[in-house]
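So that we are looking at the same thing, I have put the structure below in structure tokens.
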Amino acid sequence: MRYLLRQLGLYILAAWASLTLNFIVPRLAPGDPASAMFARYKGQLQPEALAALREAFGFTGGPLHEQYAAYLAHLFRGDLGVSVAYFPAKVTDVLAMGLGWTALLTGSSVVVAFALGSLLGVIAAWRRGGAFDTTLPPLLVFLGAFPYFWLAMMLLYGFGFTLDVLPLRHAYADTLAPSLSFSFVASVAEHLLLPATSIVLASVGGWMLSMRSSMIGVLAEDYVTMAHAKGLSPLRIMFHYAARNALLPNVTGFGMALGFVLGGSLLTEIVFSYPGQGYLLVQAVRSQDYPLMQGIFLTITMAVLAANFLVDVLYVWLDPRTRGR
Amino acid sequence: MGSAPLLAVEELVVAYQTPSGPVRAVDRVSFVLERGEVLGLVGESGSGKSTVAQALARILAPPAMITGGRVLFEGHDVLAMNEDELRRFRWRKMSFVLQSAMNALSPVLTIGDQIIDVLVTHERTSKRVARERAAHLLELVGIDPTRLASHPHELSGGMRQRVGIALALALHPPLVVMDEPTTALDVVVQHEVLSKIAELKEKLGLSVLFITHDMSIVSQFATRIGVLYAGRLVETAPTRELFRAPRHPYTKGLLGSFVSIHGPRRKLVGIPGSPPDLRRLPAGCAFRARCGEAAAQCATEAPVLRVIAEDHHTACHVVSP
Amino acid sequence: MGSTKIPRKAAVGLAILGVFFLMALVGPLVAPYDPSAFVDIPLQPPSRAHLLGTTGQGQDVWSQTIAGARASLLVGFVAGLAMTTIGATVGAIAGTFGGLVDDVLSLLTNVSLVIPGLPLAVVLAAYLPAGTRALLVVLVATGWAWNARVIRAQVLSLRNKDFVAAAIVTGESRLHIVFREILPNMTSVLASCFISATVYAIGAQVGLEFLGLGDMSVVTWGTNLYWASNDAALLTGAWWTLVPTGLSVALVGTALVLVSFSLDEITNPRLRAVSDWTRALAARGIRPGASTPVVRDHG
């Protein structure tokens, strides 16, 4: 289990680094935008609210280490300040609204893209140089080169506006209230389809290429030659012997790429007005809501670190060599 | 079928596709392996010996292709088989022990999985029966059957190599191809594994194609020896005859660098120069540049195997019967 | 296919890049209109007067696409170069020195890798004054680590090579070894790092500007898409305000990736050998299966 402990240590360190960055960046910025922010809010917020916001950011007027301590103390109490865009809601409450939707959209599309891309990569490597292998990768590279949100806009234009077969925005129909009824779940799925498809289209090529090159390496290994020599069926060699080994570096890459794909999926949310963190992010940027921006940065970082740790647990399960160590 | 030898390779040619065109890695290699015989194939790395071995079961990975010859196993041409026939032929008729069992066993599957796999595929036994048989196989090579649940990285190099041997014996094939089975091991373990192979060979009456670069190992095992150079067989003879009277200058060089089984063992350093680039083989004899006895004819005409003495063939212009 | 010929993928990639470079270089001189100026009725579809139509602000889309190429490619390549330089330095020092230096630098690299880039970039961009310099800082800060990781791994595999061992034995200083012996011997890795960093930088820039971060008054591919979306391009069906820019981003990205593929094939000839092999078999009507094919054409 030493492997998992080491990874956990890395994530704790990364969590601390992002908390600290969150503290430092407003103070390092030239022109003191934080003060400017407080000055601008003076008209908008009541004096108590402004004081609370200063507190939460650690702008207490004391020396830096005291400010840092005050900031951390508020953070660990779950106080990220008040949102300006959604005043008087607390940032934590605003974030809570969007977290589930982002997890649903990003989670489902990343898993589908990874599974599909890996499968395509396995097949392409197995039939290297064949028709499938020569046509699909360039096509998917081209698709993947478009900005995620651009593909999202095109899908929205095509299927939403022109063909009018799928909903244009939001996570479920306005006429429904969240419940576990069939009509609500169906509506959620219907609203998920287009944004998820655009994320899958944009990211599947990357997974395919990395799985393909990992497979090509594995196919040259002696244990694959042995599997052929043993007279096993091609499907068994391809998946049980080759793909299972080729998957390992890709699972590590999955954790690393998660943050990157998430960036794209946040922008996709904006196109569909999908009520997740990305949608909140654009609201925050437009109304210069610094507390909300920073809150989003922290929650998303924590979520990505947690997801990375889950991927590590999966890795240990997949690779017996990491278990003893 | 009784009259056909176990394995007869006729004029086998194997080429690899390279960016500068196809390159012949094995060039018109022919040999015969009779039942109960141990044939040693000897050569430096790059001489094509592993390529010959893997071509026999057609398990060479791309970009290899077989461009000529026949591989007759019990009279049936392996090169004419379709995929189904090949799958039935592999491991049941011819199994492999590959160099460095670390890479020959998949690191993510247990030892048991990789033995049971073969039994279930070829004999359609239940997993339970297969597991029992796998346990017996491990016992046969002196490994505790509880090791079936282990992964390859949990075993020592010597143990992995013995697992490889157990795996090769799983279906009692008439022929086992051993490709440098002891190269990655240290001397003591090497000795241990070799005596295990010798013991099992006697006990089970196996035929073996034994591939190595190490003359001292092959001298202990082989009944006959074939020497490969740059993809071509340059000499074949019974082991005793070859050691007593080597004829090809290359073989003489190999044996010159080899003192005795019990003396200090040296690698093939006794021959000046290095093996030729297969992409740019010279006209004539491929060994000419390193040969101390080369004649004018060697530069123009490639020598072919000729009978030099009884059961002794050499491909060299300057050797006379 | 001869080995001296430029691979087809590289040729296509370089050709596309050439067109865009030309566009960035001389484009503004030949662009029909001032990209920021109101020149005609807003939201006109492509016509003879406006090859790619007009935007919601009445600007000429074709002129905007050309102007965007200059701004976006410049930022992309400068950021890519900076990321590669920093990544190569950190990665090569970590890989060559080993020990504590490696531990610290690897930790730093891995920490920056797991922190998601876009949210951090948003926070940074929000606090920094809007402008190209801030954008470059943001892009490099969020994108250098991947290169460091790749280059460290490559250095570790080079460290055992003879020429490095020789330099160590002759008592060359470590930094000399890093910059004179190791980095020059991995040009193809550096080149593909530069390419992927540039692709990242162009994409991230477009994303940030689409969010509304940066200087919205400058014409770049990112701001073009921001304004198109702001002017409700989809609602009004003004696809021509989205397609040229999106297509440009994708073409440049694809071209860079194609060049990178070719670099891979040149440094790893085995990759190409297999494609040639498949083609050679196909020419003889053989579809490669699971077993080594038998091809008899020499009788």
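By letter and in written order, the chains are A, B and C; residue numbering begins at 1 in each of them.
By definition in this document, a residue touches a chain if its C-beta (ideal position, glycine included) is under 8 Å from a C-beta of that chain, and two chains touch if they have at least 3 such contacts.
Only a predicted model underlies this, so the values are computations on that prediction, with no experimental measurement involved.
Novice: Given the two chain pairs A-B and B-C, which is bridged by the higher number of C-beta pairs in contact?
Specialist: When B-C is set beside A-B, the one with more contacts is A-B.
Novice: When you average C-alpha coordinates per chain, which one falls nearest the overall C-alpha average? Tell me, please.
Specialist: Most central by this criterion: C.
Novice: How many angstrom between the C-alpha centroids of chain C and chain A?
Specialist: Centre-to-centre distance between chain A and chain C: 21 Å.
Novice: Taking each chain's centre as its mean C-alpha position, how far apart are chain A and chain B in Å?
Specialist: 52
Novice: With centres defined as the mean C-alpha position, give me the chain B-chain C separation in Å.
Specialist: Roughly 48 Å separates the two chain centres.
Novice: Would you mind listing the residues of chain B that make contact with two or more other chains?
Specialist: Counting only residues that touch two or more other chains, chain B contributes 54, 59, 61-62, 83, 86.
Novice: Counting only residues that touch at least 2 other chains, which ones in chain C make the list?
Specialist: In chain C, the residues touching two or more other chains are 274, 276-278, 288-291.
Novice: Two or more other chains in contact with one residue: find those residues in chain A.
Specialist: Within chain A, residues 128-129, 228, 234 contact more than one other chain.
Novice: Which residues of chain B touch chain A in their complex?
Specialist: Residues in contact with chain A: 54, 57, 59, 61-62, 83, 86-92, 95-96, 98-100, 103-109, 117-118, 121-122, 151, 153-154.
Novice: Under the stated contact criterion, what part of chain A meets chain C in this complex?
Specialist: 10-11, 13-14, 17-18, 21-22, 25-26, 28-31, 33-34, 127-130, 134, 138, 141-150, 153-154, 156-157, 160-161, 216, 228, 234, 237, 255-256, 258-260, 262-264, 266-267, 270-271, 281-282, 285-286, 288, 290, 293-294, 296-297, 300-301, 304-305, 308
Novice: Which residues of chain C touch chain A in their complex?
Specialist: Residues of chain C touching chain A: 107, 110-111, 113-124, 126-129, 146, 199, 203-204, 206-207, 210-213, 225, 229, 233-235, 237, 239, 242, 246, 249-254, 257-258, 271, 274-279, 287-291.
Novice: Give the list of chain A residues in touch with chain B in this complex.
Specialist: 128-129, 219-234, 236, 240-241, 244-245, 248, 318-321, 324
Novice: Applying the document's contact rule, which stretches of chain B touch chain C when the two form their complex?
Specialist: Residue positions touching the partner: 13, 16-20, 22, 54-55, 58-68, 79-80, 83, 86.
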